[in-house]
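Let me give you the structure first, and then I'll get to my questions.
The chains carry the letters A, B, C, D, E and F, assigned in the order they are written, with residues numbered from 1 in each.
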Amino acid sequence: MRLPRMLTPRTTASAHCDLPCGVYDPAQARIEAESVKAIIEKYLANEDFEFRTRSLIIKEQRAELVKHHLWVLWTDYFKAPHFEKYPQLHQLFNEATKLAGAAGAKGTTDPAKADELLAKIDEIAKIFWETKQG
Amino acid sequence: MRLPRMLTPRTTASAHCDLPCGVYDPAQARIEAESVKAIIEKYLANEDFEFRTRSLIIKEQRAELVKHHLWVLWTDYFKAPHFEKYPQLHQLFNEATKLAGAAGAKGTTDPAKADELLAKIDEIAKIFWETKQG
Amino acid sequence: MRLPRMLTPRTTASAHCDLPCGVYDPAQARIEAESVKAIIEKYLANEDFEFRTRSLIIKEQRAELVKHHLWVLWTDYFKAPHFEKYPQLHQLFNEATKLAGAAGAKGTTDPAKADELLAKIDEIAKIFWETKQG
Amino acid sequence: MRLPRMLTPRTTASAHCDLPCGVYDPAQARIEAESVKAIIEKYLANEDFEFRTRSLIIKEQRAELVKHHLWVLWTDYFKAPHFEKYPQLHQLFNEATKLAGAAGAKGTTDPAKADELLAKIDEIAKIFWETKQG
Amino acid sequence: MRLPRMLTPRTTASAHCDLPCGVYDPAQARIEAESVKAIIEKYLANEDFEFRTRSLIIKEQRAELVKHHLWVLWTDYFKAPHFEKYPQLHQLFNEATKLAGAAGAKGTTDPAKADELLAKIDEIAKIFWETKQG
Amino acid sequence: MRLPRMLTPRTTASAHCDLPCGVYDPAQARIEAESVKAIIEKYLANEDFEFRTRSLIIKEQRAELVKHHLWVLWTDYFKAPHFEKYPQLHQLFNEATKLAGAAGAKGTTDPAKADELLAKIDEIAKIFWETKQG
């Protein structure tokens, strides 16, 4: 059964700009990371020089957006009590953003790296949603 | 019952960069529009000059992102057969992006305008998800 | 005889920012599209790897600007009465922005695609200037 | 008689990206400067706090674009022989970009400053078109 | 005695883009933070509406750059062994980026907050330079 | 002996945003130019297609930042009396920004061009620091 996001309760939404407006959502990082993965798959399936070059240009931008959205969550959403309750959170974000950078999504065209990145984002999202319920 | 996005089936995800990667999601526009609404509410509840100025600066940016994400869906995701099947789609996008601009989210601090914008995005999202199921 | 833009009457200028300031001009999209065409021609005439890669990087940016300038005209300049008078306008903009994207200027190095894009922009510009005279 | 840009000969177009593609046009700086002037006029005619704040936000962006387009012409289009033939050219660009900055379009809401900026851009455009004819 | 940066040994420079190129320097964050402090001081000394609005617009941008440069150091420069040797490093970066955001440089015009931010950046810089010497 | 920037007197810092805040520093251009040089060296040492493409993408961005930081110094920091005292200053900036563009850092992977660019920036920095002492 398919369940589009628009049917999920709106009250789950929460801060992402630096007013702060209070609307954060790990979906922003995940969508970009899914894009990175899809780009890698298309890259591997197409040997055309122009297509491959465009793929690398766009993957670079999307991976940068992954990093940015994760940084925003780490600095703007999560507060001292969260870091106390989830002592692994700093390292999790550091690893996730590294996986989006030169050592991962930016620097390789290995789909396994994209999967690792998605898994890290899901770990973060799981904690995020727990903190919204508490 | 709360149902975070990370639990929705991943196959619902679909194109948003211009490779195209094939990962589009109206959630991107909606999150920014929710932010716009939250900013307006905070603006109305706080008369401090600095806070109000910052609110307007940030609302301008977030509303621009709403426009951008909608434009991408309109140009990059929707194809000729969609526009045939949904003849109202062009006007819907034109009205939605206008509602994010000077005549709406950017130009006012009226929460009703933000609600109208959110409703338009939901109309678009409904059609979007229908086309993904077809 | 050459006739530079600076000699055309200034009153022809009209809105392009989202205040709105009231200064719109299809020249903005056209200049970027001319750039795209020139880049394609230079790309085809030069087989050097570095030059070709830089060409694709820059073409991607210029084509994105074409899309952006067209989207602004479509959402911010054209109003309901224009869309009534020119029922083809929505489709024209949709096709023009698609021609600037993956299916056109971004995705190919075919000069014919760049010419198609320029022709679409000229169709839009013709309507634009008619509405300014009315 | 009105003479829209689309009717001016296309061969007058010339480089503006850093490939370089060879399509430069002072119209890019002028359109933004016209926008700055229009914003100032609207600002002076409207005392609403929100409108005025938005005006200043947008004027800042447009004036920055004026600076950018002028800098590109100065560095990328004009070459050593031009600077020899037009010894005032360096100072002209320096003054024009200063007029777009804190001492002019950004820092004031004085329409006279916007007019000075437009006049400087026209001086530059005049030289630009002379070099294209040579 | 004044000692400009250009006289400091060039070998001290080190990675900051995500190739990575290997040129990082905490000076990037510090210069933006010094700008934030100077803006706050000018803001407090000038009650003109236009000046104050422009100050808040620009402070927002500069503070965002502080956050960005710090995030880059945290994710791209510092590696696992550094975090082991300096266990306070995660929290230090989290606090520094928070001090550049809504709870600090962005959200206030309190010079003390700017000083706190500068002090945090100096703590980070001290560790940074120690790791370069090791 | 190594001498990190954080030990140089803070009073040497001076304007770089367009308030203006009064914090300018040629280090901003230099750090990006050092990055360009490092990218070129890594590019020449690695024949992998993906790495080379990423190098060119990132070099393009870093070289653009060099241009931007230099333009800001030329327009915003230096005033009429400086240009009188240093009559070569206009040409120096024009040559430096050209060296960061298509004819230099952007258009080649020649380390000698990166060295020329760094040398020009150092010439500018020398003058800059002289004007701060006067």
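We adopt the following convention: a contact is a pair of C-beta atoms (placed from the backbone, for glycine too) under 8 Å apart; a residue touches a chain by one contact, two chains touch by 3 or more.
Quick caveat: nothing in here was measured; it's all calculated off a predicted structure.
Asks: For the sequence-identical pair chain A and chain C, what is the superposition rotation angle on Cα atoms, to the nearest 5 degrees?
Replies: In degrees, rounded to 5: 120.
Asks: Could you figure out which pair among A-B, A-C or B-C mirrors the C-F interface, over half of its contact pairs being identical by residue number?
Replies: Same contacts by residue number as C-F, out of A-B, A-C or B-C: A-C.
Asks: Among the chains, which is located farthest from chain B on the basis of C-alpha centroids?
Replies: With centres defined by C-alpha atoms, farthest from chain B sits F.
Asks: If you average the CA atoms of chain B and of chain E, how far apart do the two points sit, in angstrom?
Replies: Here chain B and chain E have centroids separated by 33 Å.
Asks: Hey, how far is the Cα centre of chain E from the one of chain F, in Å?
Replies: Centre-to-centre distance between chain E and chain F: 20 Å.
Asks: Centroid from C-alpha atoms only, then distance chain A to chain E, rounded to Å. What do you get?
Replies: Result: the chain centres lie 24 Å from each other.
Asks: Quick check on chain B: which residues sit in contact with 2+ other chains?
Replies: Correct list: 18-19, 53-54, 57-58, 106.
Asks: For this entry, which pairs of chains touch?
Replies: Pairs of chains that touch one another: A-B, A-C, A-E, A-F, B-C, B-D, B-E, C-D, C-F, D-E, D-F, E-F.
Asks: Taking the touch rule as given, give the residues of chain E at its contact with chain F in the complex, in rising order.
Replies: Against chain F, chain E makes touches at 1-6, 8-13, 15-19, 21-23, 25-28, 30-31, 34-35, 38-39, 42, 54-55, 58, 61-62, 122, 125-126, 129, 132-133.
Asks: Residue numbers of chain D touching chain B in their complex, please.
Replies: Against chain B, chain D makes touches at 49-50, 53-54, 57-58.
Asks: Chain F touches which residues of chain D in the complex?
Replies: Residues 18-20, 64, 67, 71, 74-76, 83, 90-91, 94, 97-98, 101-102, 106.
Asks: Spell out the residues on chain A that touch chain F in their complex, using ranges where they run on.
Replies: Those residues of chain A that touch chain F are 52-53, 56-57, 60, 106-109.
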